Amino acid sequence: MPIAHIHLIEGRSDEQKAAVIAEVTAALAEAAEVSPDAVRVLIHDVPKANWGIAGHSAKSLGR
Amino acid sequence: MPIAHIHLIEGRSDEQKAAVIAEVTAALAEAAEVSPDAVRVLIHDVPKANWGIAGHSAKSLGR
Amino acid sequence: MPIAHIHLIEGRSDEQKAAVIAEVTAALAEAAEVSPDAVRVLIHDVPKANWGIAGHSAKSLGR
Amino acid sequence: MPIAHIHLIEGRSDEQKAAVIAEVTAALAEAAEVSPDAVRVLIHDVPKANWGIAGHSAKSLGR
Amino acid sequence: MPIAHIHLIEGRSDEQKAAVIAEVTAALAEAAEVSPDAVRVLIHDVPKANWGIAGHSAKSLGR
Amino acid sequence: MPIAHIHLIEGRSDEQKAAVIAEVTAALAEAAEVSPDAVRVLIHDVPKANWGIAGHSAKSLGR
């Protein structure tokens, strides 16, 4: 029953989020040896102005 | 001084969120034997496309 | 399918943790109008030296 | 390589978020004795209706 | 630069944790289209008494 | 009323954790323009085997 919280820079499409959910679930099921049915994945979209890298926001860094 | 982070599928009204805050605070105060004044509750609204159940998003599952 | 992360000062007994799980689950099921079967609660035990209140650790404050 | 998640009541400007990122990064680098380059800071904006203090939302408390 | 927090029932070996880190990193890099170098994965071991499923701890359920 | 969760590789002394709490609280109070009394800081110690960087654990990387 793994629970994963995935933090990503905002802007992904629903299709890309579906891929994240599918692939992370498969990875966790295999590596942790549990059923995929027991896996929960929550994606948190983080605005560029809210993500700090080495003291600067991703927005100010142009990422 | 318990701190609770509650993740819910987005779409709750402010009234329903107020009920979550009130009832979770009361539950924690009683079960953890602390004053309700010391409890903090943060609700995180999670879009359906971001919530993965058994490898599929809640959006694709029609929930 | 609410997921709750509860942060508590360490030192609770398994019985007290069971009460936190039971009561928070019931509170969430009622307030968010979901089945208790869909609720997950994870308790995070936080050492007193790791919990900061107004700039001081709970350990140094004698809590 | 510290990772900080900062939860704030929503409404801060990008300039204020940049200040939070810069100052928390500097504080962590100094106190944890790591390079600022290794620090990541994620700010989570929390709506007033989602932030519970002593059983009441920040919105209902007028904060 | 995705950051993943993975919550697992405690008891995994270091080898199994290494597999979780490697496979979740590869899954995120592919699905989110980023370099594996930019991925961070933090595993949180959760005691059975602290993990609540449908109102009962994993410990009491014998998992 | 900012709430900060700080994830650090385990092994810090209580004195170093106290410095993290004091300095992060001061940084948040100044940058977010709130009273230090309203700031909460929770430090999460993460074992080296649980911290993944670019697909490898900090333990395997010798950090």
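All chains are identified by letter, namely A, B, C, D, E and F, in their written order; residue positions are counted from 1 within each chain.
Just so we're on the same page, contacts are C-beta pairs under 8 Å (C-beta built on N, C-alpha and C of every residue); 3 or more make two chains touch, one makes a residue touch a chain.
Please read all numbers here as calculations on a predicted model, not as lab measurements.
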Where subunit E and subunit F touch, do the two copies share over half of their residue numbers, giving same, or under half, giving different? different
With respect to inter-chain C-beta contacts, which pair, A-C or A-D, contains the greater number? A-D
Could you tell me which chain lies farthest from subunit D when each chain's centre is the average position of its Cα atoms? E
Could you state the distance in Å from the CA-based centre of subunit C to that of subunit E? 20
Need the CA-centroid distance for the pair subunit B / subunit F, whole Å please. 24
Multi-chain contacts only, two chains or more: what residues does subunit B have there? 1, 3, 7, 20, 22, 24, 26, 40, 42, 44, 51, 53
What chain-chain pairs meet the touch criterion? A-B, A-C, A-D, A-E, B-C, B-D, B-F, C-E, C-F, D-E, D-F, E-F
Enumerate the contact residues on subunit B facing subunit D in the complex. 14, 17-18, 20-22, 24-26, 36-45
Residues on subunit E engaged by subunit D in the complex (per definition of touch): 1, 3, 40, 42
Residues of subunit E touching subunit A in their complex? 1-9, 12, 16, 19-20, 22-24, 26-28, 30-33, 51, 53, 58, 63
Once bound in the complex, which stretches of subunit A touch subunit D? 7, 44, 46-47, 49-57, 59-60
